[in-house]
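Okay, so chain A shows up in both of these, paired with chain B first and chain C after.
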Partner chain A sequence: MSIDTRTPRDGVPEMLGRLAWQLAWGFARIFSIVALLAAWEILARTGTFTPFQLPALSAVLERIWSDAVSGDLAINAGLTLYRALTGFAICAVLGIAIGMAMSRNVVANWFFDPIVSVGFPMPKIAFLPVVILWLGVYDTAKITMIVVDAIFPVIAATVIAIQGVERELIWSARNMGASKRELLHQVILPAASPQIMTGLQVSLPLCLIVAVVAEMLMGGYGLGGAMITAAQFANSTSVFAGIVEIAVIGYVLIKIMVLIRRRLLIWHPEASAPATA
Partner chain B sequence: MTRTLIRYLPLLLLALVWEMAARFEWVSNTALPPLTDVVRAWIELTLDGELLRNSASSLYRIAGGLGLAIVIGTVLGIGMAWWKPVNVLLAPIVEVFYPVPKSALIPVTVIWLGFGDGSKILLIFLGCMVPVTIGAFNGARASEQVMVWSARSMGASKLRVLWDVVMPGAMPELLNGIRTALALSFILLVSSELIVAQKGFGYLIGSLGAGGSYDAMYAVVLTVAFLGFAADRAYLEIVRRTLAWRSVA
Partner chain C sequence: MQGPAQIVVDQVSHLYRPPRGREVLALDAVSLEVRQSEFIALLGPSGCGKSTLLYLIGGFLPVEKGEIRVDGKPVGGPGPDRGIVFQHFALFPWKTVRGNVLYGLERQGMAKAEREKRAMEYIELVGLHGFEDSYPSQLSGGMKQRAAIARTLAFDPKILLMDEPFGALDAQTRGLMQMELLRIWQRTPKTVIFVTHDVQEAVLLSDRVAVMTARPGRIKTIVDTKFDKNDPDIFKNKTFVEKVDEVWNLVKDEAIKAQGKRSA
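On to the complex of A and B.
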């Protein structure tokens, strides 16, 4: 957003000038996306690519519309979202709990630290066949896979965040007679919350990525499953429709997380700092 | 030595619990073959050459996709930070593409390039380019204006400034983005190979699992997990050396 913040002079020409500038800027911001979508439609229409390689944008949107009307879209998107968000909720609760335990308890730290430092950089998705072997191909297996993959950023962020809380804050609170519980709830957690939030923001897209892969491999309903079925029937319009649907869901989820962050951390100095991304 | 042992003791304990759980049949051996059997299967697979053949093709895919992503992502990111028009053109596309769960692209890359190396390299390239671009962009954007001005006033050409001032300044963030990309490349590789492939780690895991030789399947799964971990550690070591100049300053 580049709203002009210099002292406004409210003459009509200046206002018109500002308006024109904002319009031009707004157009420039969406120009490349519009151009990309137009190129997609044109390349598909003119037959540069076969409809199998690149179905026209309009055909894809039509497919999404008919899926939406028939209710398939609601079922598939609902299931994918349900799995991703359940997994995310478990990651958040369990990840923050483990992270807190690690920073408060020596034994917990001793036990979890090597597991986290080895497990974090591993491609845990490779364990998917093992998870299938143990838990089958239904929701439990899919959600387990999501948790295994997406919990590590939350744990790591929580540990680093709590380590980074300023000593002075803790000392003052103790000095003023805060109990251990009060210290944790009123000082440490709030002070650590921006970084914990960042961990959650890393974890959420991972949940969605893994949900889609798990659905692709285990089949059944869900956007991933629908895409892989469509691909097997060489139905590329549905494959592209799936991508657009998943992309929109991913975009909306990430934006919601940014909003939640702003709302939760409204008291924090970062809320008034200029946004970076 | 003892300290390392104490540090990694929990992992050894887990391995021991695994072995015991399998040996004493607390869980069925199909679900969890004993760790020693897994090790034996791993040695057999290695001697057989099968593991090496498949790892070679997997590593080739990662090297290709990640290499392209690093080169093109860095150029795009620094271009976006350095030239306003590039930013206006590309920033919206990056912003829209960034939240797309990249695994959704697996079927499309297959439709475009088939079952072989090409589709995996394209997938890894597309997925990994985003964190590299964002890292390069954030790093280059944060480069200190004073340094740029000083260099310019001392007569450095624009390209010179880009190479000698902006690039080194962007390094830490860029290297961080590449680390994310490295982890992502393994995830995308294994997922795409599990879903459609004729060779590679994912294919090997899938076919061994389908054939019921679970000890060998576990062996490959652990190999991939270890490789991902080792790649990350090796990368961190390289970064530590590359950025050694920063701690001097």
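On to the complex of A and C.
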């Protein structure tokens, strides 16, 4: 439980003091990012690097703005997001289903366990040529690459989460008359949900990463494809614009996941803990 | 003995098979009879199999050797006729106090209006009025156990199985909860099997105390411990003090044996 320090007796000086403290703290949290961006602008402006090696941040932001106005940004970012999120949805549904099957069925466990053991640590990008041969270079191939890469954390988290459900919880439910089928969605899944959610939070950034990499290697529209095209035309401002766009999108996606987690796990002790990221 | 026994444990043995290592004989030919509306405590050193015996009666573990009958029928699995309360509460953390209590009533197929009314009745009975919409993570240990007791009492089991229910609570809360349990038990009389390793708790609460031996668990002896539960000065009562001493001496030898086995 957090202690609320606001008391009605606080006067104006206390409130101002707290506001200043909050501002300072808010600035401290983003200080490293601000410093990095400032250094970027200064290094580019002072001519330490040529505009080709490192275009100025202001020039990059201008490029992002003009892409936004022309609609290119919406098309490219939209396509990348569409692929990443479609892949993520498949990872979530399929990954949780496979993890559940592995936990509850000996045959499923016997079949999938070696695949997960070998597949989880291997660099799945090695399958890219095969995927291109079989599925081409369009959305199907890109989303397949995303699923192949980002499904493993979901499967592993689901298996571990279900294994960790306390037997007393299951016994309690059985005691109150839950059937074995009811146990799964009424007890086991809710009890496992915090850890499954953690698996999803690992999977989502992977989906975005693979989406961009697949776009870079397969070409076409999308943020990754646009960056490779820009590089081929020696357009370094657009390349850096792509980097900034991907960073912002990744950050926003992760924040949204944290909000969803807090909403879904309102009952969990962590929900009342102070935010960390 | 008044009337036939409600619960009959007949020559029950149980092998505990850890995932790794040798199997252990947890219970060795245990026999026990419990009458209707009786409050019996299972007392013994830790590791003597008293919780295992409770889980077997509850139907959570399969009876492999011997037989357990409840109301003449052999136990074949868990059922709402035997309600259990665990040491670590086992509340559903994603449900509020009310949601936890309602869960069992929903499974019994009770009509909505009736189960809402019933749930609030039992939440009030255990003194959690005002906390019905709290999640377990927002409650203290004692309140969690009150909620767990309300959840189990609400579906009206004939038999209450309590597995060291106050073992995770601090001494003061434990004392209050013991009084509370007696009050509730006197209002809704049920057959209670109460597992504990606390001698005073066993003598205070129960009609009889079954003292178990160190592993492999057997019933060493059964001591009658009927007292006037409403006597506020029971702890100063001479016969009570002597009874606690008598039972403690019975358990002490077993506790020493259990210690010896563990360090050996």
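Note that the second predicted complex is superposed on the first by the 258 of 277 C-alpha atoms of A that agree within 3 Å, B and C clash if a C-alpha of one lies under 4 Å from a C-alpha of the other, contacts with A are read in each partner's own complex, and residues count from 1 in each chain.
We take it that a residue touches a chain if its C-beta (ideal position, glycine included) is under 8 Å from a C-beta of that chain, and two chains touch if they have at least 3 such contacts.
This structure is a prediction, so every number in the text was calculated from the model and none was measured.
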{"item": "Clash or fit, chain B versus chain C on superposed chain A", "value": "fit"}
{"item": "Touching partner for A:Leu128 - first (chain B), second (chain C), both, neither", "value": "first"}
{"item": "Touched partner set for A:Phe31, first chain B, second chain C, both or neither", "value": "first"}
{"item": "Touched partner set for A:Glu14, first chain B, second chain C, both or neither", "value": "neither"}
{"item": "Which partner reaches more residues of chain A (counting touched residues only), chain B or chain C", "value": "B"}
{"item": "First (chain B), second (chain C), both or neither touched by A:Trp171", "value": "second"}
{"item": "Partner chain in contact with A:Leu208 - chain B first, chain C second, else both or neither", "value": "first"}
{"item": "Touched partner set for A:Trp267, first chain B, second chain C, both or neither", "value": "second"}
{"item": "Shortest CA-CA distance between chain B and chain C [superposed frame, angstrom]", "value": "16"}
{"item": "Footprint overlap on chain A, where chain B in one structure and chain C in the other make contact", "value": "none"}
{"item": "Touching residues (chain side chain A, partner chain B) in the complex", "value": "28-33, 36, 52-53, 110-115, 118, 121-130, 132-134, 149, 205, 208-213, 216-217, 223-224, 227-228, 230-231, 236, 239-240, 242-243, 246-247, 250-251, 253-254, 276-277"}
{"item": "Interfacial residue positions of chain A with respect to chain C in the complex", "value": "166, 168-169, 171-178, 182, 186-187, 190-191, 193, 266-269, 272"}
{"item": "Chain B - residues contacting chain A, complex", "value": "6-11, 14, 30-31, 88-93, 96, 98-108, 110-112, 134, 138, 183, 186-187, 189-191, 194-195, 201-202, 205-206, 209, 214, 217-218, 221, 224-226, 228-229, 231-233"}
{"item": "Complex interface listing, chain C residues touching chain A", "value": "55, 58, 60, 77-80, 82-84, 86, 88, 90-96, 103-104, 107-108, 135-138, 151-152, 155"}
